[in-house]
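Reviewing the structure listed below.
Letters A, B, C and D mark the chains in the order given here, with residues in each chain numbered from 1 onward.
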Amino acid sequence: MNLSATDLSLTVDGVDHLKNVTATFPPGRLHTVIGRTMAGKTTLLRALAGLQKVDSGSLTLAGSDFLKTPVWRRDTAMVYQQFINYPHLNVFDNVAFPLKRAGLSRHEIQRRVRQSLASVGLADFEKRKPSQLSGGQQQRVAMARALARGTGILLLDEPLANLDYKLREQLRDEFKALFSDRGDTIVIYTTTEPAEAMMLGDVVLVMHEGRIIQTGTPQEVFERPATTTVASIINDPPMNIFGGRTEGGQVTVAGFQATHVSAHLTDLPDGAYQFGLRATDVSLASSGVEAEVTFVEISGSETFVHVVVGETPFVVQIEGIHDVALGDLVKLQLRPDRLFAFDEQGTLVRTPSYDLASVERR
Amino acid sequence: MRSRPYRALVAVAAVAALTATACTAQSEAQHKPKDKAGLFKPGSEISYKKYGKDYPATKVKDVPGPCSYDSISRKDYSGQTLKIISHAVPVIGEPTQLHAKQFEDITGGKVEVVNVPFGELHQKILTPLQAGQPAYDVMFYPSLWIGDIAPYLAPVPKTYLDSPGMKDVTPAYMDVATWNGKVVQYPVDGDRHYLKVRTDVLEDPERQAQYRKATGKDLQVPRTWAEYQEMAEFFGGEDLDGDGKANYGSAEVTKRDDLTFSAFISRAAPYVKNPDVKGGVFFDVKTMTPLINTPGFVRALDDMVKAKSTWAPGGANFGLGDEIFSFGGGQTLMSYSWDDAFIQAQQPESRIRNKVQAAPLPGSAEVYNRTTKSWDRKANQAPYFTWGWTSAVAKASRHQQMAFDYLCFFSNEANAALDLTIGRFGVNPYRYAHFDPAFWEQQGWEKDVAESYVRTLAGMEKSTNRVFDLRVPGVNQYMSALANGVAAALAGQSSPQQALDGVAEEWSKITDQIGKDKVQSAYRDVVALEDNS
Amino acid sequence: MDGLRRHKSMFLLPGLLTLFLIIIFPLLFTIRVSFSGWNVSNPQMDFIGGANYTAMLHDSRFWASITRLLLLAGGTVLIQYVIGFGMALLVWREVHGRRFWRVLFLVPMMTTPVVMAAIWQTIFHESLGPANDLLGMLGLTRIPWLTESGPALVALMTVEVWQWTPFMFLLLLAGLLSLPREPFMAAAIDGAGTWRTFWKVTFPLMAPVSVAAVIIRLIEASKLSDSVYVLTSGGPGSSTETPGYYLYIKGLRDQQTGYGGAMSLTYLVLMTVTLTVVAALLTRALKLKGAS
Amino acid sequence: MRSRLYPVFKYTVIALWACFVAGPFFWAMTTSFKNANAVQGGPTYIPWAQYEPTLTGWRNIFGGAGGIDVIDPFINSAIITIAASAISLALGSLAAYALSRYRFKLGFIKNSDIVFFFVSQRIMPPVVLVIPFFYLLQWGGLLDSIPGLVIVTVALLLPIAVWVMVDFFNGIPREIDEMAMLDGCPPFQTFVRAILPNSLPGLTVAAMFCAVFGWNDFFFAFRLTFTEVQTLPQAVVALNSSIPPWWTLSAAALFGVAPLVLLALWVERLLSKGNLSGAVR
């Protein structure tokens, strides 16, 4: 029952929305598609759902042509980024809507709706109209409707994007539980949030400018981002990427020389490279590379300090709230053992030996 | 919810299909009545009272004859439906409805009447006739349209022509009903324009003295349009009858697409109808050159433009109804048009009842002679037999006998007598029997009033210098062009001469469009009436 | 939604075909009849070439009526828009008796134009009507409402404004009620006054509704004819004649069907072009306004 | 910010406009209780004080002598208006839905052109249409029949329905359609189950316009019927002869407005609830 896309392409007004997208979605797995805004994630979901026609390529479900199947027979449920429910129906009827279309008995409908509403924590809201609910509740209704049917394919298009931070975290945790027992369902979940993708996904697909540029388990993608683009997409804040050279085992980056080179880079042939370093692997110290602060963000218990070294921008993530002001001169410490090396085209050539367990799950 | 839009579609399709099939089934034969027992004893008393509490309690005797209540009630028309088109309520429309109800009651048939405003009537009658759609069996319309409608009419059968009621119709109205030698219209109304004046003012010695002092002339019923103008001017704007409101000299029909063309022809008649000149008033019948811009018509339009100062407020936009109320309601001293205003003034509840008098239309001191192209200086009178309501039966009708029976019933002696007394019905004398002062005196008219009325009407019948309407095909176009020219001059948009030149040009175009031969042959009949040949 | 090509015609076609079928015959008929001499005594489809069109070119009444219509339709619609918008603004927010006003202000458009024109005729009756009576009470001179061209045009426009301002009122009120709240809050925070808020916020936000309402009213107003017929029958002279009424006189009353057809088609083309241009201009003007 | 005079100004303006709007109704109301003499006595307004009221006008519209009977025409008008409005709304909202949701392209013709085609039908002067309609209905045997008038009225109303509904549907998020389809509804069911129930305000506005134009159509009803089918405006116009009975005319005018005033009340209720939001954009 694999859902397989082969070479799906769509160009609108000269812009590639999908470019030779080839992917296989086996059942029972949760796929997260991560990419920046406009990367083609939504288009991909809409193409899978049949809401968007593609220019070329094929789509099969269990080997049979899925492109020819009309939307209403694709046995697909979708949750939108906007909270879309039927405005004229109350919560119960919203969830019951697809069940009625499927021709289930009244009793069965009632059972499933109740169960589904309970699973999203809305058991007491059956009689409300969507407009009388908060945003989070509305999205739960949408979730409940998508889940109640037990469709073969479940598509979630950035379902948490329009919620505030707190709710997002809460719902994300609930989703994890909800998706854990979906049996044979093919679940595809798009997001711009690396943490969401990593945490929820059994498989992560990284999209950029209409292409899938890497597919793998969260660990694979995290440890071995295939390109600088992937590296930048799957990290939040994006991985610092900067140019540098190796010469005789010495690495020179951003105008300073690494004091000691980590083992994984010693065998790099001499030449120009791009290096990547996560924001957590840069720190402010009393000594190090001189940098000027351009911007400071404080988020929760962390501080993101944006600096420039010469021309090269860096983001430094440090725990706790720090009193750094715009224009301050600071000193950076980089962790050479965590440097990713990419060739000049941006393809990964060396990856640090990473202990995934040490990466905090945010 | 789900199937509603589709259901509506299916319903429309079904209804359309059903109706289409239902309407194709038609039988061709003429329907005849069965006999039944009569409902009235000969000579029984007839009153309209039971048809509405607003009808007068007047009673008349049913006059025996083929059209009487008695005779008609012996015919059984049950199962048949007669379709009638008539003018709006009440003028001619109300009697049409009333007699339809009576006819239904006494024959068991069904009569459907539709009432239509004047401006729409022509087109509403003619379109189905031309399209071959049997829309109406009986049509009531202004008699001047005969040229357009005659081809579609059933001639009046001999039995009806021989009825006593028909024999009593005056020759002028029989002429009006005749087309190409056949009587195709059933006379139900007699119409003409004449002058109405307020006697309480005219005969007031004080006013007479005032008038003599100012003009050096006697105050009397005007005999020429010049006198009419002089008097109208003299009395304009003052409260003459002590009702606290200003009175005005003249009320005329001036609203462009109302019946202004008839008012204008009344004013023009004595200037243009020269008893010594034959061959047409509106056209030279030999060449079909329009005469509408000749000096006689131009002078009439000059007169009318001058008369503006004598009109009541709004008088430049008076429809017939306004004219009727303005004179009939006592606002103006003088007026000329059909009988309606006079009858309105003589209604029982009228303030000016028996303070009015009828007289022939004013004449002129000179009349234009188009052969010599000069004015003949002689007093001239030319009664204008302005169109009136008439009725006819469609050739395509499958209920012709029922239709003629209805018309014969409509106009039977009893009904005609009662109808004449109800002003708003618009039914006016057209039989010799109606020219009897005694009849009007019975209605409460004073002797002088009744006599002036009957004398005026009967006098017109005797005249040999009569003007008739332009009874040719396309008459509406001609009259619409004329009204437009008259209105332009009245509004000061162009001089009378310019305006009428424009009308003449239009008329030539219309004649070309309709076909000169067609118009000419029809116009010959009109000229024959006018030239008494 | 593009994968549904088969279904889209299923939705569109019933309506489109119905209208097309009902309209196409009259349109073709009119085109054909405009080249014929069809008239009252000759109701036939003969062929007389472009004679009707040539005659029309020289028909000054027709062209004068079109010029007059531009003034009448443009003027009344503008007045309707201003009053309709004003009234909608006044009863939009808190006002005592809001529901009553709203219903009352809607009612005139529910009335039958021919019938109400007849009532208006009695109102403008120079001696028996209340219009002059009221002027008298106010100590003003009486006005010859229907017998002089200036007052007659005013009377005509009054009737049109009375009858159709509610249409504007309804569209604009509904538009106002559906406006988002945020821009108003922002304006309030900026301390913008009533007048400024209107010009900077309300009016630009209402631009799309305004354009739609004005265009649809222009379309309807261009057919102005019933009230002309009843009130003045085009007079005095021909000073209140509109194309709608002139077409009626020629095409129906005089039954010059062929000539009427030629004028109708010309009128149709002129109106379609004019209205399209006006719509485009209005849209652009108001968009610019909205952007500023 | 607002001057203290503002409320005074506001209520004055509202009251002035209300007087203008209500004036003709008041005049018709008072005239409907007059008779010929009261009318000819010059303008009067207050019954008993200024004139002796009678019921003649009102009696005359219910079959009194010299009047008309408005009951049958009322029923005919109601049937025609309701049927034509229903068909126009059905066809119109289907078409409007298509024009709002799908892209059409036929040569240079695009959606906006099709919408314009619909709306442009209102530009046609009625005079153009009436003669051909006559022949069309004659051909179909539908002259002087209710179905015939319904068909013609649909042609008049359909453009209005499409115009209102296209705008309205454009205001409903497409995602609702998509969701309904994903939930198993084929396109037509999507329309009926997901979109129509959310279109009540739009349908109400469209229905009101349809009802107003359908109810008040005189021009076509008048010329395409003979005797069988008379509509209310026709019946009232039948009073318009050379002696216009102002009182009967006034009574008839007021009678004809009554049902539509109820409609106005309903529309206002929707307005007040804010349900019309997005109905007209």
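We take it that contacts are C-beta pairs under 8 Å (C-beta built on N, C-alpha and C of every residue); 3 or more make two chains touch, one makes a residue touch a chain.
Worth saying up front: this structure is predicted, and the values here are computed from it rather than measured.
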item: Leader among chain pairs (count of C-beta contacts); value: C-D
item: Reference subunit D; chain at largest CA-centroid distance; value: A
item: Distance between the centres, which are taken as Cα means, of subunit C and subunit B, whole angstrom; value: 37
item: Approximate Å spacing (C-alpha centroids) for the pair subunit A, subunit B; value: 91
item: Length of the line joining the C-alpha centres of subunit A and subunit C, rounded to whole Å; value: 56
item: Sites on subunit A at which at least two other chains make contact; value: 51, 70-71
item: Contacts with 2+ other chains: residues of subunit D; value: 40, 42, 91, 94, 131, 135, 151, 178, 186, 189, 193, 197, 223, 237, 240, 244
item: Of all residues in subunit B, the ones touching two or more other chains; value: 9, 123, 131, 245, 258, 325
item: Subunit D - residues contacting subunit A, complex; value: 173, 175-176, 178-186, 189-190, 193-194, 197-198
item: Touching residues on subunit D, where the partner in the complex is subunit C; value: 1-2, 10-11, 13-14, 17-18, 20-25, 27-28, 31, 39-40, 42-43, 45, 91-92, 94-99, 101-104, 114, 116-133, 135-136, 151-152, 154-155, 158-159, 162-163, 167, 174, 177-178, 186-188, 191, 205, 212, 215-216, 218-219, 223, 232-233, 236-237, 240, 244, 246, 249-250, 252-253, 256-257, 260-261, 263-265, 267-268, 271-272, 274, 276-281
item: Touching residues (chain side subunit A, partner subunit D) in the complex; value: 49, 51, 70-74, 76-78, 80, 82, 84, 86-89, 97-98, 101-102, 145, 149
item: In the complex, subunit D residues that touch subunit B; value: 36-37, 40, 42, 56, 59, 64-68, 86-87, 90-91, 93-94, 131, 134-135, 138, 140-145, 147-148, 150-151, 189, 192-193, 196-197, 222-223, 225-228, 230, 234, 237-245
item: Subunit D partner contacts - residues on subunit B that touch it in the complex; value: 1-2, 4-5, 8-9, 12, 15-16, 19-20, 22-24, 48, 51-55, 83-85, 87-94, 98, 112-118, 120, 123-124, 127-128, 131, 133, 135-136, 245, 258-259, 319-321, 324-325, 329, 340, 344, 349, 424, 426
